[in-house]
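One chain, chain A, appears in both complexes that follow, with chain B as partner in the first and chain C in the second.
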Partner chain A sequence: MSKRRPYVRPMAGWWRKNPFFVEYMIHEGSALFVAAYGVVLLVGLVCLAQGEAAWNGWLAAMKHPLALLFHLAVLAMISYHSWSWFKIMPKTMPPLVIGGKRVAPAMITGAGLAATVVASLILLGLVWGMTR
Partner chain B sequence: MARTITMEVLRYRPEQDAGPVFQTYEVPFTDDMSVLQGLLHIKDELDETLSFRWSCRMAICGSCGMMINGKPALSCKTFLRDLAPGPVRIEALNHFPIERDLVVVMEDFIDKLERIQPYIIPKEPRTLEQGEYLQTPAQLEKYEQFSSCINCLLCYAACPQYGLNPDFVGPGALALLHRYNADSRDGGAAQRMELVAAEEGVFNCTAVGYCSEVCPKHVDPANAVNQNKTTAAADYFLGFLKPKGSRT
Partner chain C sequence: MGDDAMSRPLKRSNAPIFWGLFGAGGMLAALLGPMLVFITGIAAPLGFILAPDAMSYANMMAFTGHWLGKAFVFAIVPLFLWHAGHRVFHSLHDVGIHAGMVARLVCYGGALLGTLIVAWALLLIGF
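Up next is the complex of A and B:
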């Protein structure tokens, strides 16, 4: 009779056992904040469709100290999400060859982050210009 | 007087242990000793019952992968001097059933390796008279890094998705699948697509990326897997544009 008795180890709590996995879970979790902010904007859009009173109510709600705190938290989480998203991006795309040379992963991450900053500044400028 | 380091080794002897238990050994070491040499010292001098796989001692055979302080690594390529003062914790590779001590059951991987058809399926059959298949350096570069895989299974031990769902074909086998698909001499991509796009295929990957971090040969399996997500999606949607009956 075979003495083989392979032992299968449990997976419970796997993500707590390695700092790399903790970072991965924080990255995945930060996506919830991105979604939450999407919902806030969507509610704003619905209020806008409902008329002036609803829209002004939404604007007033956005100025509440708790709403400002929420925005700061979301900003921090979205910044982390963008940073970790672009960090993994070189691993998710085919090799980028420019001028016969393969573009380095750090260059791709850097370009993504730079594009995020530039796009955010343009958006901020536009909104600033329109609301003044 | 040689320095010593404490090595805590996960033991599992199916005939006597209900489950794995750690056993501690005091191992004398010098600066040039790898973790594998530490284990060999235990086997030769302290406890001959300890089981582990090893062969080349120079990071090319892929036999001696294990968890070292919780991280998948080749024990021949990890040095005790870097882990001093210790203790060093050695376990069998994560996500695989333990056969005995540090030896894991790897039939599952061998089966997956067969399923990806890890050989060139010639795009155009050539006779001997027609000569060899030619390839430019640029064509070689497309797959070369993926051909460096030594089947050490560190990427599987690094992949929580494989741990949670052992049906997942996994990083190593998919990187090798990509190695053949990306070869200009190969014409087997359509045959391999069924597995790439299958329930157990590339879409199990959630881009954790740890597989590529631990790979001792810089294969970057995460890249191979994620490139094939794009290929599989394109194949699925472009399939609707093809005439009826032409889909494989």
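Up next is the complex of A and C:
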């Protein structure tokens, strides 16, 4: 150890000082909710494979008020993930050129969000049709 | 001196694989995530919009018993885990955690373990 104590710039909470980085941390943080939801589905699938009693146990847990509250939080964060995913997409994908002109970022974001709405309605329609 | 970095064949990076899994999972989560959470977490448990027995044992066994249902589950659950694992791994630095071997094992190992469990459960359910 050196006897000198060189200045180390403190980095704790660095992202709280700039709204851009706050937004960045929220959309990175959405991954924790995606993971949590993935684990909920994983546990459900394992219960399903164990048999009817185990499945009904999982189903009863899903009806608990805390589970519903948890899913409301996941719904909010995963919706935010959809929004930020398509907002960032113009920057993460290679430039898209149609008819000799580069497609505007707002067009790409809009198309992605429109695709989300269409895919969601199709999914809900399919599930509704298969289970009614 | 023949064994320097210049003469050895370039080692292929494994980054595109993990980035690809991250991208595929992120895209699926963006397109279907909100509605999936609404269906499995809110609508079906409450019997709101959907029938109260929408996720009954018989329905779910019929769904996961079909190869299309199996393919859907095997796409959604593992890719969500790979997406989240990759994103969390790369965000550790931002919250001041050195992303070493342990972090790598937890993030990617967790996703791999989840993938294997999904495959095992789907096979157990059978065709």
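The definition used in the following text is that the second predicted complex is superposed on the first by the 120 of 132 C-alpha atoms of A that agree within 3 Å, B and C clash if a C-alpha of one lies under 4 Å from a C-alpha of the other, contacts with A are read in each partner's own complex, and residues count from 1 in each chain.
In this section, contacts are C-beta pairs under 8 Å (C-beta built on N, C-alpha and C of every residue); 3 or more make two chains touch, one makes a residue touch a chain.
Keep in mind it's a predicted model, so treat the numbers as computed, not measured.
With both structures placed on the common chain, the touch criterion links A:Met11 to chain B and to chain C.
Legend: residue contacts after superposition of the two complexes on their common chain; A:Lys3 is shown touching chain B, with no touch to chain C.
In the superposition on chain A, A:Phe20 makes contact with chain B only, while chain C stays out of contact range.
In the superposition on chain A, contact is made by A:Pro94 with chain B only, not with chain C. Set against each other, chain B and chain C differ in how many residues of chain A they touch, and the higher count belongs to C. When both complexes are aligned on chain A by C-alpha atoms, chain A residues 11, 15, 28 touch chain B in the first and chain C in the second.
The touching residues of chain A, counted against chain C in their complex, run 11-12, 15, 25, 28-29, 31-32, 34-35, 37-42, 44-46, 48-49, 52, 55-56, 59, 62-63, 67-68, 70-72, 74-75, 78-79, 81-82, 85-86, 112, 115-116, 119-120, 123-124, 127-128, 130-132.
By the touch criterion stated above, chain A contacts chain B in their complex at residues 3-9, 11, 14-15, 17-18, 20-21, 24, 28, 88, 90-95, 102.
Considering their complex, residues 12, 14-15, 19-20, 70-71, 94, 97-99, 105, 141-142, 160, 163-164, 206-210, 212-213, 220, 222-223, 226-227, 229-230 of chain B touch chain A.
Interface of chain C with chain A (complex): residues 25-27, 29-42, 44-46, 49-51, 53-55, 57, 59-61, 63-64, 73, 76-77, 80-81, 83-85, 87-88, 91, 94, 96, 114, 117-118, 120-122, 124-125.
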